[in-house]
Amino acid sequence: MWYRWNVETRRPTNPAAEELLGRYFPVLDHGFVALVDYMGSDDDVERAARVSYGYGTRKTSQTRGLIRYLRRHRHTTPSEMVEFKFHCAMPMFVARQWIRHRTASVNEYSGRYSLLPLLFYRPEREQLKAQSASNRQGRSGAPLDDLHDDAMARWEELRRLAAAQYEWLVAHDVARELARIDLPLSTYTQWYWKIDLHNLLHFLSLRVDPHAQYEIRAFARVMAGMVQRVAPLSFEAWVDYELHGAELSRAEMTVLRRLVRADRGSLIAPGGSVDATTLGMLGLSAREAEELLVKFAEVEQPQDFTLDLASARSAEEFAAEMEAAVPQVDRGAGETPPN
Amino acid sequence: MWYRWNVETRRPTNPAAEELLGRYFPVLDHGFVALVDYMGSDDDVERAARVSYGYGTRKTSQTRGLIRYLRRHRHTTPSEMVEFKFHCAMPMFVARQWIRHRTASVNEYSGRYSLLPLLFYRPEREQLKAQSASNRQGRSGAPLDDLHDDAMARWEELRRLAAAQYEWLVAHDVARELARIDLPLSTYTQWYWKIDLHNLLHFLSLRVDPHAQYEIRAFARVMAGMVQRVAPLSFEAWVDYELHGAELSRAEMTVLRRLVRADRGSLIAPGGSVDATTLGMLGLSAREAEELLVKFAEVEQPQDFTLDLASARSAEEFAAEMEAAVPQVDRGAGETPPN
Amino acid sequence: MWYRWNVETRRPTNPAAEELLGRYFPVLDHGFVALVDYMGSDDDVERAARVSYGYGTRKTSQTRGLIRYLRRHRHTTPSEMVEFKFHCAMPMFVARQWIRHRTASVNEYSGRYSLLPLLFYRPEREQLKAQSASNRQGRSGAPLDDLHDDAMARWEELRRLAAAQYEWLVAHDVARELARIDLPLSTYTQWYWKIDLHNLLHFLSLRVDPHAQYEIRAFARVMAGMVQRVAPLSFEAWVDYELHGAELSRAEMTVLRRLVRADRGSLIAPGGSVDATTLGMLGLSAREAEELLVKFAEVEQPQDFTLDLASARSAEEFAAEMEAAVPQVDRGAGETPPN
Amino acid sequence: MWYRWNVETRRPTNPAAEELLGRYFPVLDHGFVALVDYMGSDDDVERAARVSYGYGTRKTSQTRGLIRYLRRHRHTTPSEMVEFKFHCAMPMFVARQWIRHRTASVNEYSGRYSLLPLLFYRPEREQLKAQSASNRQGRSGAPLDDLHDDAMARWEELRRLAAAQYEWLVAHDVARELARIDLPLSTYTQWYWKIDLHNLLHFLSLRVDPHAQYEIRAFARVMAGMVQRVAPLSFEAWVDYELHGAELSRAEMTVLRRLVRADRGSLIAPGGSVDATTLGMLGLSAREAEELLVKFAEVEQPQDFTLDLASARSAEEFAAEMEAAVPQVDRGAGETPPN
């Protein structure tokens, strides 16, 4: 409905971003992420930065170098000048993590005003894992294959009951704000979410991280793929300086400086080692020592966030699925939106 | 534990606020609000404002007049100088409304890290009402008495099942972040919540309002009672200028100016009336006309937020209730907090 | 340079906003406001609100009614979904007031990095007024005509000296961050400023107000004219419910309810008056009584913010003026922007 | 006046913070920083974090370990639970940099309402330096000793003229908001500034950095010394993980992994080197290569922020200096603050 025709604009546009508009990318079993509007691109990050460098500077365009410089040195304000507006649907337990990012604007589907579609998130077999011993807040290890069928059967029973309870309550005209209180956290909700590039990259740093819950990571990965198209140079700088960079503590740097030194334009390691005892003496706790060693162990490949445009579906398709999942009760004449 | 002994401080203190510290006020069936720390009081609002009025002004103390002036003219920055830190427990559907207020700091109990207490909110009989036709998002009318026993029985069944499912999953060592996804929105959570006076009063304006959901209003009312003690002059000004004031539109003022005029220090109504047709001609929609008439209908008494200190319980009592509701699974040696 | 060609976009566009792009509106003697990008319009406020009203509601478009309803009831989050990006130049004392609005993004010209154009704001003859006795922070009364020539001569002398001092320092290669410290607050600076519609309207409420300093009001008025084009329904609602509405306190409403009552769909004033003594008894301070009477005195015409497109100049014209005002020192080879 | 007597409180207190209250630390020639109130300490960071770890965890107190873990892993929300309120005076060009940090509350002395003290910042001889070639926005090299007397004489002349102009205008009753517009950016202003620990540490990271202007660094250093007393463990973690840590990019880590590897609990450098050509081939720009080498060159000593309590003066002393610098004009009867 929004994207039927192309129209002319004098605003900065961005072909790779234009290509995304109106495509709804599926996430998990009933969720989606769609870019519904954007403002600006890498060029606008540069423009905003250039205003600081003013009339006393040469205007040769070096966008990539400038953007990398800005990110390396945490000059983040120019990247606030680019905006993204998303339409997303996600389970409520994911929404509760997501909403913690306060520097964004959000309008969520109202369960007080409207009947909720009864769609629930169902973890896939390979996602059912045990509590992680190392991470302490996530899951790890092999899928708990033996449990899956049992767990699913129990979940299905619970959801059938929760859906029936919701339908019974709204059919008896109980206020929706009450009828919904026993829907499970796996129920899908949806919202518009608007955020600037700086704050989006911060969100992504936290939410594509392996410590984030798998389910929110799935959403973050799609949004990362969208940033890659809307602001490719900013995205690349984020990958190089944040996502796949490393933060070393003062003690870690002390360790490394024992092994490596700068000498006439080269970095030289004369040969040597620092063992566990010495790591402790240099101030690293056992856990920090472990974290340091991991940084120098075998490296994973950089993550690939490239979007498959062919995987996208239409807004209408998702809307139809949602609408079909709304309980069919006679809703009478009072249903017009307010005015 | 925090409040066992009194100690000396050179900070601004506030006897009425001191009296609140350590008292946990029950809200709904298992929730609470406690003020665990505060910074400043009405005097600090005045101090902050006075810095603007500087050396060229007389320093006669007129705290009340100044604070009322500031609020009347929406000079809100001085009231950002007072801080409140609360410890609260509330159902998750309430937490989801609450967290929308972004200008606050929050640390919430983590269902990824920790086992959740299985406490669920149970609406009281008189709260089970039908969807409101006028409000369109809330409830209204007489309690649906006939439904209550039935609804409760269904809720209890659902909760028993949800609790059993959670216990079964964590007993089988399924990651907590997954085990919790089918807990109902009525499950209690808890958090620390820190906010400044200006933003707290804005929160209260929205959340003690009759359009807010009853359950979050119950929390807001207790916090309002706390503000009344910590910053009584600011509270009084908020009641007089916001809570029980009225915002009149340009068209509404046009209507009133037809009926009332200023004349040599008096306000005079020569006598007259404006009927429905004229209200429409002056630009009010049917709904606005109705809203205007309500403003001049019989007035409710001002709300009373006075706290009953005797109703408070101890932190330990609530902690014991919460802890007893955590499923008893063998949690092994991995349970120390991170370091 | 940005706006030479029209290109196609699938984003929501807005003809009246498109017309503004690239037009630099002069403000004061050397300042300007230009809209350089925007995202969304009234339709997007509606879309964001509709997501809350969901699948259970009729989709008949009633944009105006909905937008007025939202503003009347302070449902402000949907209007965060529209963004404005401005390029502005203003005297530093204006910039210092402007920057107090924290919910915006800004990139300012850097006096540490770049040489500053030596352009200073020169108040016009009719703006030179005495300290206001009633407002206490602004100016009022007739222009101080006798003083103007003298004041200007003194200002010119000071600015010549300040400019000479700046040029002398940078010519001697003193760091720019130091060379600038004795430039007067009337020196022009410039920035990009991005803000959403909700926060922009809040800014405008404060900054088109007669209590705001004349010079920042001049900027706010132009931005108001831009909002009128980009989001006309939101603008109209803001005028009707905020700008030309009135906030009445609890005591003021008590006064009015003595004079006016609602009766079967009409508002009726049986005839009567409230004199100064009674106003005091009903809780109004002398100053509040005065403020109430003003609300019912003769009404000013609604402010007109309509932009004259013909008054706009080009970006290049302003850039040339700025650049010509930068001191001519040999700036050597170090002047490339960072990379 | 605030700090005359000690009173009792049940709030968390902090002896090292208490000792700071009421002490005004001089900064530059007429500026100061004073801690006027605080809320919380390291213990409150821990308490806030513990709420997440909940009932399923052992409560052994390991504050230091936990705080270091939180900072290392950028779990910053618990440190939002500690607040600082400062009273500061600084030159306006410093205030303009400072105010860019938006997540703080501020009340500034009003030049519209009040007469300004005519105190100007005078750089010391060793601070007058040339524009830096490497930094491009700061100063570097030896002091420009030959210029100092000349520069100062010029500055003094300008300030005398600016002060005379201001006095002449206010003596002729010109509105203060206009009279001040030609005061230089070196004029002192003052404000209350309230910020939480998380945002304060972010401010300090940017403002004690050698790239920040010397003058704002002087203020940041004093505030760092205050944090060291109010929240010593958080301060230590900030020093170790941020201030004296290093952020290495993906390419830099690739370089280091060529020289260093993890092996059975040790870090081992078998011996080798990476020269300038290889650094380029591995993706480092010339500037990045330079920055990497600097990280492994000889290390400066960690910065020492320890406060000298003996250097503090009283609030009254500074107030007297400020007040004495306010122009003496007959200010008549209108000078009471608003009410």
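Labels A, B, C and D are assigned to the chains in the order they are written; within every chain, residues are numbered from 1.
Here is the rule we use: a contact is a pair of C-beta atoms (placed from the backbone, for glycine too) under 8 Å apart; a residue touches a chain by one contact, two chains touch by 3 or more.
In this text, all values refer to a predicted model and were calculated from it rather than measured experimentally.
K.L.:
Show me the overlap between the contact partners of chain A and those of chain D.
P.N.:
B, C
K.L.:
Residue numbers at the chain B-chain C interface: does the shared fraction exceed half, giving same, or fall under half, giving different?
P.N.:
same
K.L.:
As a quick test, compute the distance in whole Å between the mean CA positions of chain B and chain C.
P.N.:
33
K.L.:
With centres defined as the mean C-alpha position, give me the chain B-chain D separation in Å.
P.N.:
The separation of the two C-alpha centroids amounts to 35 Å.
K.L.:
Do you know which chain B residues sit against two or more other chains?
P.N.:
As it turns out, chain B has residues touching two or more other chains at 65, 68-69, 106, 110, 113, 285, 287, 338-339.
K.L.:
Which residues of chain D touch chain B in the complex?
P.N.:
Listed in rising order, the residues are 2-3, 5-13, 18, 21-22, 37-40, 44, 47-58, 60, 62, 65-66, 68-69, 77-78, 80-81, 83, 85, 87, 105-110, 113-115, 117, 190-192, 194, 196, 319, 322-323, 326, 331, 335-339.
K.L.:
Report the residues of chain C in contact with chain D in the complex, numbered from low to high.
P.N.:
91-93, 95-96, 99-100, 102-103, 106, 110, 112-113, 120-121, 123, 127-133, 136-140, 144, 147, 151, 154-155, 157-159, 161-162, 165, 168-169, 172-178, 180-186, 213, 285, 287, 334, 338-339
K.L.:
In the complex formed with chain D, which residues of chain A make contact?
P.N.:
Its residues touching chain D are 65, 68-69, 72-74, 206, 211, 239-241, 243-253, 255-257, 259-263, 265-276, 279, 283, 285, 287-289, 291-297, 299, 302.
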